[in-house]
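Once you've had a glance at the structure underneath, I'll fire off some questions.
Going by the order they are written in, the chains are A, B, C and D; count residues from 1 in each one.
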Amino acid sequence: MKVVYFAWVRERIGKAEENVDPPPAVRTVADLIGWLTQRGEQYAHAFETPRVIRAAIDHAHVKPETAIAGAREIAFFPPMTGG
Amino acid sequence: MKVVYFAWVRERIGKAEENVDPPPAVRTVADLIGWLTQRGEQYAHAFETPRVIRAAIDHAHVKPETAIAGAREIAFFPPMTGG
Amino acid sequence: MSVPVTIRLQEADFDTAREIAALTKGRTDIGAVVTFSGICRGGEGGDAIAALTLEHYPGMAEAEIGRHAEEALSRWPLTGLTIIHRYGRIVPGENIVLVVTASSHRQAAFQAAEFLMDYLKTHAPFWKREESAAGTSWVDATSHDDAAAARWAKS
Amino acid sequence: MSVPVTIRLQEADFDTAREIAALTKGRTDIGAVVTFSGICRGGEGGDAIAALTLEHYPGMAEAEIGRHAEEALSRWPLTGLTIIHRYGRIVPGENIVLVVTASSHRQAAFQAAEFLMDYLKTHAPFWKREESAAGTSWVDATSHDDAAAARWAKS
């Protein structure tokens, strides 16, 4: 499963994308954030305030409780500031 | 006192402007419409539905009950359709 | 600081890009520019229109638009405002009216432009006459436009 | 009849007049064109900004803007719609975003443009980073923009 990061989430983690293979117990977007947080200080820093983290699966916004099964690409990023 | 007409009010009366000298009893815009209506068929036709006639005194919109004393120029026209 | 306000009544067409540039050139305090262009349509409902002729009340038109421009400036924090209204004969596809509003934030620019258009429609002394195959006729005012203008009234 | 919809993400600047012309040329069914131009300001509050850098999520940005364009077309009777969003480094005074809406009537054009801007601000995957004398920092999202977007939610 490909995970991509943007803006300060990307900067804190120190990479723009990576492939991950979480265990089956990681079922939702929130689970995946929790699992990533265990991977190191830079992840813990990026996800330290889960409330402000936005997620998308395959280019569509999703909620923390959305299941990740079947996702090709999951994105994490801060609230958007376009326009 | 100068009176000016626009759009179909102008067309019905058959002139764009004229000078009039109403008697002192003609005190308001509505009075002036009534007085003009007596002046001929074309005026009666122009003012046959007073409800739709709009008026301005010296370039500002006024209501039928507005006094005409001191006016330099009084305009009568249909509802506006600009923009 | 005075806000640049341009009001023009003219027979000639206008250039929207030039009017935007005039309001924004050399400035870095403008975050939002809204333009509204009103264009002559070829038909309302079923009948094809060959042209519109716009009659206006010279002097009052400038005064009335100027009053509404002042009101817009007092209600929204604009950094610039341009209003151009054409008169004379206008064929379908041609511009009739342009409103450009500039502000640091988008809501002010949008609201001021809508306010000005609603007031131009109902309060500016212009009258449209349509030419079609059936002859010429004056365009009726719509209660819809009156309602649009009424929503800006202060209670 | 299909409605012309243009969505572009690009580093280059855009030409508002050309985009208006592209939506209106040769047509006589358009009565109203609204444009919104979002421009980079030189400072928010006290600090002078040297530039903004816009990061975006390629693929999702197009998809998300496309979904909102479709929603705008379903909610308002538009005759054309153009959305251009720049990315990369942008200095004060330069354009960031353009929305152009065309319709036979002005309310649809105004409302669709406002709707699209409110959604672009809060849902399109773009992030602004500011450069100033103090260094660079990511721009925070504002609750004001969230509230502006929320007013379009269907009950």
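Annotations for the structure displayed:
Just so it is clear, a contact is a pair of C-beta atoms (placed from the backbone, for glycine too) under 8 Å apart; a residue touches a chain by one contact, two chains touch by 3 or more.
Keep in mind that this is a model prediction, so the values were computed, not measured.
Listed by label, the chains touching chain A and chain D alike form an empty list. Note: centroid distance chain A to chain C, computed from Cα atoms, is 48 Å. A separation of 72 Å divides the Cα centre of chain A from that of chain B. One finds 23 Å separating the Cα centroids of chain C and chain D.
Counting partners per residue, chain C has 38, 117 as the residues that reach two or more other chains. Residue numbers of chain A whose C-beta contacts span two or more other chains: none are found.
By the definition of touch given earlier, these chain pairs are in contact: A-D, B-C, C-D.
If you check the complex, the residues on chain D that touch chain C are 15-17, 20, 24, 26-43, 92-93, 104, 106-107, 109-110, 113-114, 117, 148. Interface residues of chain A facing chain D in the complex, by the touch rule stated above, are 4, 6-8, 56, 59-61, 75, 77-83. Interface residues of chain C facing chain B in the complex, by the touch rule stated above, are 38, 54-57, 59-60, 63-64, 85, 96-97, 117, 120-129, 138-141, 145.
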